[in-house]
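Multiple structures are listed underneath, in structure tokens.
Each of the next two complexes has chain A plus one more chain, namely chain B in the first and chain C in the second.
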Partner chain A sequence: MREVLLVAAKDLRIELRSRVLLFQVAPFAVATLVLLGFALDADRSALRNFSPGLFWVAVLLTALLAAQRSVAVEHAGRAADALLLSATSPARIFAGKALALAAQLAVLEALLGVAMVVLYDARVEHFGLAVASAAAATVGIAAAGTLYGVLAAPMGVRETLLPVLLLPVFAPVLIGATRAFGDALGTAAVNGWAWFGLLGLFALVYAVFGALAYGPLLEAEA
Partner chain B sequence: MSILLGRPPGDRPPSAAPGHTGSRATRILGVATLVGLVGLCLCAFIFSPPDSRPGPEPGSRIGQFDAVRLMYVHFPAAIWTYSALGLCALASGVYLWRRGVWWDRLAHASAEIGVLLCAVTLLTGMIWGRPIWNTWWEWGDVRVVTTLVLFLTYAGYLALRSVPAAPEARARRSAILGVGGAVLIPIVNRSVEWWENRTLHQQSTLEELRIEDLTLFTLVLGIAVMGVFFLWILIHRFRLAWLEAEVESAGLEAALAERRAEAGEVAATGAGAGGTGEGGSAP
Partner chain C sequence: MESAVWLRDAVCCRGRFPALAGVDLDVAEGEILLLRGPNGAGKTTLLRLLAGLATLDGGRGTVLGCDLGSDRRALRPQVGLLGHDLMLYEDLTVVENLRFFAALAGASDAESRAALERLEVAPRLADVPLRRLSAGQRKRVAAASLAVRRPRLWLLDEPHAGLDESGRGAVNRLVRDAAGRGATVVLASHEAPAAAEVATRTVHLVGGIVAGRSPDSPAAPASSSPAAAPPPIEQVSDA
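Entry: the complex of A and B
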């Protein structure tokens, strides 16, 4: 566990020092939400009704940038080699990097959540469900993003290849999280906790698959 | 399978690759595909009746009418999409376990055919949906949407494979993606049972044999013909992948030989220049 936290702390420290999350990714996230508002002709009732889906589209597009960034820091100066030489198991490296990505996404989601309330006039009716489903979705996105990020990493085409690989994988998260948020925000008459279960299952599958597959992937890179 | 495709799994030396993609087996399969296709066309367009039943109003008829003939391609293509992508996932898993290039090429070949068949499934489904569901695309149908996600996932797999990289690294990354994408196959296949109220697709009529005799026969014939076709192009694509790897490897060897020859020329020129210098310094 200590190694997991060390890897996560390393990534978070890099983000704190480089300020890429603050000055580049966060403005991109809010700009996405604004553009989606224009796409719906700034119709207040439509925006409120569709706010769960628009919120998660913005989160997933932002997650692509964050996942790319998570891999890019390992390729700058071949830091990945140093990570491998540290004798930390690939599963723990994966868990650490996914944890750091999840923490960054949580910050971005909080920011987007405030922007959604302000810009789309959304009202949270079931706060517990919103937080629980966002947490489950975030773990799933972070696990899949970390795994697929390194899958598309070393070939000089990461910016174009990663979205192609990752967006179809994110489709179940978008569906589940939109339904769960629809219940939490009172815009859809569905059982949000059932969708929370699906999000939890997705997170579990990708966390286990990522921990198992990360070793062979790092070996392929070495 | 290995008898048809080539030597058994393991790290066969590249020099033992076939010189072309045709063989006696592929010629037999090719002829069988053509003959089967003619039979399928006859059954689908001439012998089998259109789907038409008496409607609730007196004298009215309901059903899919001639659009049902699209099912003889759509349904077999869907079945062999699952098989091809399932085979890709299986071969990818075995590759990660055994690390034999044979499995990597099998995964590549079956994924390419699987994506092609998945596109055929989606296109024929859309053409069928226009007169029957009155729309090209139905977002409310869970199987339609999950099939598109499956198509995009394995299109991503092919995109990953097309990026130049060291063969071993590319094979390993692709294998992980191939295994990961397989999660979707049972979801797509079982979606009409799991989300009964979220689909316009009919449930498995073939399992319960609830369709007319000749229609059922044509459907089974379509599955068989598509199966032979799948095997036929799988063998060709597998051997082509082998030849591609040979060309890639030969290209690398040629480039290395060229560089060595250049280095040899430079050394010889250097030695020659040194000799002239010595000669020039001689009295």
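Entry: the complex of A and C
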């Protein structure tokens, strides 16, 4: 666990220093939410009804940037080689990087949540379901983003390839999180906790698969 | 003396190109081996193979008793590689980089500071992000990061490049100290005078193979004072 926290703290420290999250990713996330609002012609009722889906579309687009950044940090200067040469197991490196990415996404989701309330007039009726769903979706997105990031890393076209690989993988999260949030925000008559279960399963599958596959993929990058 | 590196007919491809096309190499424990050769000779690939980062595509090889075909993961924590890329984080400060890699290696903060002092990195640079340092200063930090891991096998790719006179001296002292403690060092360098100060033997790599041993070349030495004499040239050839 110590090595997981070391890797996660290192990634978060790099983000704090570079301020890419603050000055580039966060404004992109809010701008996406605003533009989606413009696309619906500022109809408050429509915005409120569609707010769960718009929120998660914005989160997923933002997650692409954050995942790219997480890979780029290791790719620059071949720092990933130094991690491979350490005694740390690839599964722990994966867990540390996914944890850092999840923490960044959680901050962005909180920011987008506030923006959704302000811009879309959204109201949270079941706070526990919203938080639980967001947590499960975030873990799944972070695990998949970290795994597919290292998969795309050795290829020269990483920046364009990663979205092509990741967006289809994110589709179950978009569906599940939108339904769960629909219930939490009172915009859809569905069983939100059932969709939370799907999100939890997705997160579990990608966390386990990522821990197993990250090592061979990191070696391929070397 | 035990063999730290043993390669027979080692082949290593970068894509489809055989960067190493059948290398035979023995390096004894505690030896400081200088790899020389023209650009594209395969020196960097050989160092990455010895680090367990490149795949052995043909032939056989063991490094520190680990089979390069099946046991690379066990080998890596025992190896330190200083490459063209410094394998550090540009946005972290000097101290943060050192502390991170020291913590992964189980070394203390005091050892990190000591490594920086040995490489003569000015204390005022400790809290400066790496991206703001000069190339030479970064190289010193990378060497300190290597030292703090206490590897058994040091693999140095152009360790003197970009360093001033005092930096070259600091790197050479580091290499001598490592060998003095029993570590093995393989360095590739075009900076012949600086590298020759510490090397106990020289091997010439040409076109992905070790050039033939010259008839009057001495066998691999097991020198007790590596820096005492200039390195015997085991193979000398030219592309």
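The working rule: the second predicted complex is superposed on the first by the 222 of 222 C-alpha atoms of A that agree within 3 Å, B and C clash if a C-alpha of one lies under 4 Å from a C-alpha of the other, contacts with A are read in each partner's own complex, and residues count from 1 in each chain.
Just so it is clear, a residue touches a chain if its C-beta (ideal position, glycine included) is under 8 Å from a C-beta of that chain, and two chains touch if they have at least 3 such contacts.
Only a predicted model underlies this, so the values are computations on that prediction, with no experimental measurement involved.
Student: Looking at the overlay, does A:Leu151 come into contact with chain B only (first), chain C only (second), both, or neither?
Tutor: A:Leu151: touches chain B, not chain C.
Student: Give one of first, second, both or neither to describe whether A:Ser86 is in contact with chain B, with chain C, with both, or with none.
Tutor: It touches chain C, and chain B stays clear.
Student: Mind working out whether A:Val114 is in touch with chain B, chain C, both or neither, as first, second, both or neither?
Tutor: The answer is neither, since A:Val114 touches no partner chain.
Student: In the superposed arrangement, which partner chain does A:Ala76 touch: chain B (first), chain C (second), both, or neither?
Tutor: It touches chain C, and chain B stays clear.
Student: May I ask you to decide whether A:Val190 touches chain B, chain C, both, or neither, giving the answer as first, second, both or neither?
Tutor: neither
Student: Under the stated touch criterion, which partner chain does A:Leu217 make contact with: chain B (first), chain C (second), both, or neither?
Tutor: first
Student: Can you list the residues of chain A that touch chain B in one structure and chain C in the other?
Tutor: No residue of chain A touches both chain B and chain C.
Student: Taking the complex as given, what residues does chain A use to touch chain B?
Tutor: For this pair, the touching residues of chain A are 147, 151-152, 154-155, 157, 161, 164-165, 167-169, 171, 205, 209, 213, 216-217, 219-221.
Student: Could you please specify the touching residues of chain A with respect to chain C in the complex?
Tutor: Per the touch definition, chain A meets chain C at residues 3, 6, 10, 13-14, 17-18, 73, 76-79, 81-88, 222.
Student: Please give the residue numbers of chain C that touch chain A in the complex, ascending.
Tutor: 48, 51-54, 76-77, 79-81, 83, 85-92, 96, 100-101, 103-106, 129, 145, 149
Student: Which of the residues in chain B end up touching chain A in this complex?
Tutor: 96, 149, 152-153, 155-156, 159-160, 163-165, 168-169, 172-173, 175-177, 179-180, 183
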